[in-house]
């Protein structure tokens, strides 16, 4: 079993126009910047992207949006210090937005990976975001029914990866990555280091390889935050 | 913050008659035998127990059942090599049994811990175990609605524990333990070793301390399998 | 009236200080992005509080020194943090299991409006722009107590404590206590109950800048906060 | 007839061998407790199969030597196992996410009865005693393919491949292939399609011990299995 690939371009080669793509990360932490840039180079458009945010500056997800590749964004928080790229397109009506409460977003993705087509949550009950969704009462409290969320692809960022696709993460860069790995038809992971099978302690595997289709090494991954402080622009 | 307790008897002292108790383990692996024996010594009765199985031989859960303390068992598989204690009581109509598919049992407990009052699963659709449960169609496939499962207490078994209640597990002894830790009003963990705060790498914590109320060290825990091969009987 | 209030009202730091005094030793707490984050600064000595952040960290500590930031170690506000001993990392679904599952003792959030029935509006002014909700709609459910810290009135002098929210709701009947720049108010059975007020303001003047009836218990304590 | 079948039919080991030949390199597979577990013994050389067990292990290997057992390292049948390089541990909810979420390539289970509509009965004879379901009702949903290995007929000679199950169902329309002691049969659009049969039995004789119509494709291959 060898899920490792030699290059980022090969890793994203299968992603076509109109694909839905989950992209890991919370802000810049855990965002697979290099995979996103390879996706920009590869050229697919009309994408639906699922991410907690809408990118920052002119790198990573913001750059993908800036290149006009994203038709729809599903996220919880498209506001931040510098989400100008998204904001401009959104206010011009050029990108569709589905706002999902953050915990519901995480749970919908987890449900997609776990084969749970729908679940009930107290979050958003009685608010505008629950409009049109079924409501049910359990034990005297109201809950909103939410559907699973799946995608054609997931682009995620890990710390260690092995040929079986087992992954670890680095600190709070874990965030949505393990969930998205479960919920996509094809999960593509960039990792700081590929290690031989068996080198990740089975007790410390966070994402078991069954959820991962390909692993590519990016030895010195860039942080979105750092890039933006440097004023980086991609491409 | 110090959630450690000096003795098993103090750990179970708050468990009263009529309590619902989740007990970790899959067969003997991960079963908190010493906590169960302390519970037998403590004396509460008319308990509802949630466990994957029904115990084996005359130790642990089987012993608790044998002492007549369990009014109802919620489990997936009460058959095994030597579940005689449960079988006799069940066939005599002296213990109530709720059979739940194993994956549904795990998911119901996880839902209890995660604040999800109900979810849909394909498991058991069209079978006797779905009788009386709401059925819904999503994307042309049928699913059964299941409710969360919570308990007053959880007795679980970890490997390392720290004063904050952070836990690791040992191999396949993990099983239901991390889920039950989330779903109980009070979670009581026995661990092979209590280590100082900070000694468990934050990356390797499996159960974060927020889910755990007390931790007691049992340095050399007994395996149900080993006890049964020795013909052990408790008390 | 509004001008007079400006001279006596608590600063944001003082509101945060007051809220910090009520957080008991050993509590698991989530502080909303921005203003509520300030509460951690005023944690009373001798109390150990475990802070949770939605993006998967329990037990984080102070901000690192400038230049020492690791951008993989941030809080929900995307600010760099450090870890205390006993910290743990976990993914977003586990993180919101802690929130939604009732495992947090307290969540403290900001507010545009709070209603006497406990409704909270804090995510959208309803005036267009880019909507963004983050974790607010999850945090208002599940935590054992949901408190709000806020100025007592808007910059224009309108009440922020109202009978019914007119702005888009974040959650229904979720808030149990409000710390304002003038008072500390509980929400009990669909009514405001005044617990503390600044000694410099009369009950009637406070009621006048509050958009719903302030009930009172046996006593109203003085809201006394040091310069911070 | 039943006696004649007994002399030609495959042993359980041979049925397991036949099922093992269809498991492709790199497949993620769950083998049901008991008889199906035997399939791992016959994994063809040069193929790497990753075995999943419900109780939270992916990538386990052969049984340990007697006396080397670690009772924290067991499979769903509570038998001691070992780990292959690249193994991982996880909790029960993650384990059944793998099952229910469609991540397994194949699950192989035993059967009391299989119906031509893909229904499976394998958890209860419906005759009382202690009911026990384990993970069977989850395993029949989610795995990309669900196969059954079974004797072609019961000990009494009654068909196990039937039009409709009379025993309590484990799952509805879930089985896609059946390996029996006499034949290999696919389930396609609510009908049995015979792929292979033992050369020693005629189609008519096979049909006579099958409780539903056996359709056929262009060819029926010989079911040839070595002594194992």
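Each chain gets a letter, A, B, C and D, in the order it is written, and its residues are counted from 1.
Heads up, the rule we're going with is that a contact is a pair of C-beta atoms (placed from the backbone, for glycine too) under 8 Å apart; a residue touches a chain by one contact, two chains touch by 3 or more.
Everything quoted here is computed from the prediction, not taken from an experiment.
Undergrad: Please tell me whether A-D or B-D has the greater number of C-beta pairs in contact.
TA: Most contacts of the two pairs: B-D.
Undergrad: Taking the mean of the CA coordinates per chain, how far is subunit B from subunit C in Å?
TA: Chain centroid spacing, subunit B to subunit C, equals 37 Å.
Undergrad: If you average the CA atoms of subunit B and of subunit D, how many Å lie between those two points?
TA: Averaging C-alpha atoms per chain gives centres 30 Å apart.
Undergrad: Report, in whole Å, the distance between the mean C-alpha point of subunit A and the mean C-alpha point of subunit B.
TA: 34
Undergrad: Multi-chain contacts in subunit A: which residues touch at least two other chains?
TA: Residues 107, 110, 114-116, 121-122, 169-171, 202-203 of subunit A each touch two or more of the other chains.
Undergrad: If a residue has to touch 2 or more other chains to count, which residues of subunit C qualify?
TA: Residue numbers touching two or more other chains: 57, 89-90, 93, 96, 99-100, 141-142.
Undergrad: For this structure, enumerate the chain pairs that meet the touch criterion.
TA: Inter-chain contacts occur between A-B, A-C, A-D, B-C, B-D.
Undergrad: Can you tell me which positions in subunit B touch subunit D when the two form their complex?
TA: So the residues of subunit B in touch with subunit D come to 26-30, 52, 76-81, 83, 86-87, 90-91, 97, 99-107, 109-110, 121-129, 142, 169-179, 206, 223-226.
Undergrad: Would you tell me which residues of subunit C are touching subunit B in their complex?
TA: Counting only subunit C, the residues touching subunit B are 26, 28, 48, 50, 52, 57-59, 83, 85-90, 93-94, 96-104, 141-142.
Undergrad: Residues of subunit B touching subunit C in their complex?
TA: 1, 110, 112-116, 162-164, 166, 182-183, 196-198, 202-203, 205, 208-211
Undergrad: In their shared complex, at which residues does subunit C touch subunit A?
TA: Spelled out, the residues of subunit C in touch with subunit A are 53-57, 70-74, 76, 78, 89-93, 95-96, 99-100, 119, 124, 129-138, 141-142, 168-172.
Undergrad: For a test of understanding, state which residues of subunit A touch subunit B in their complex under the given definition.
TA: 107, 111, 114-122, 136, 138-139, 141, 143, 147, 168-171, 202-204
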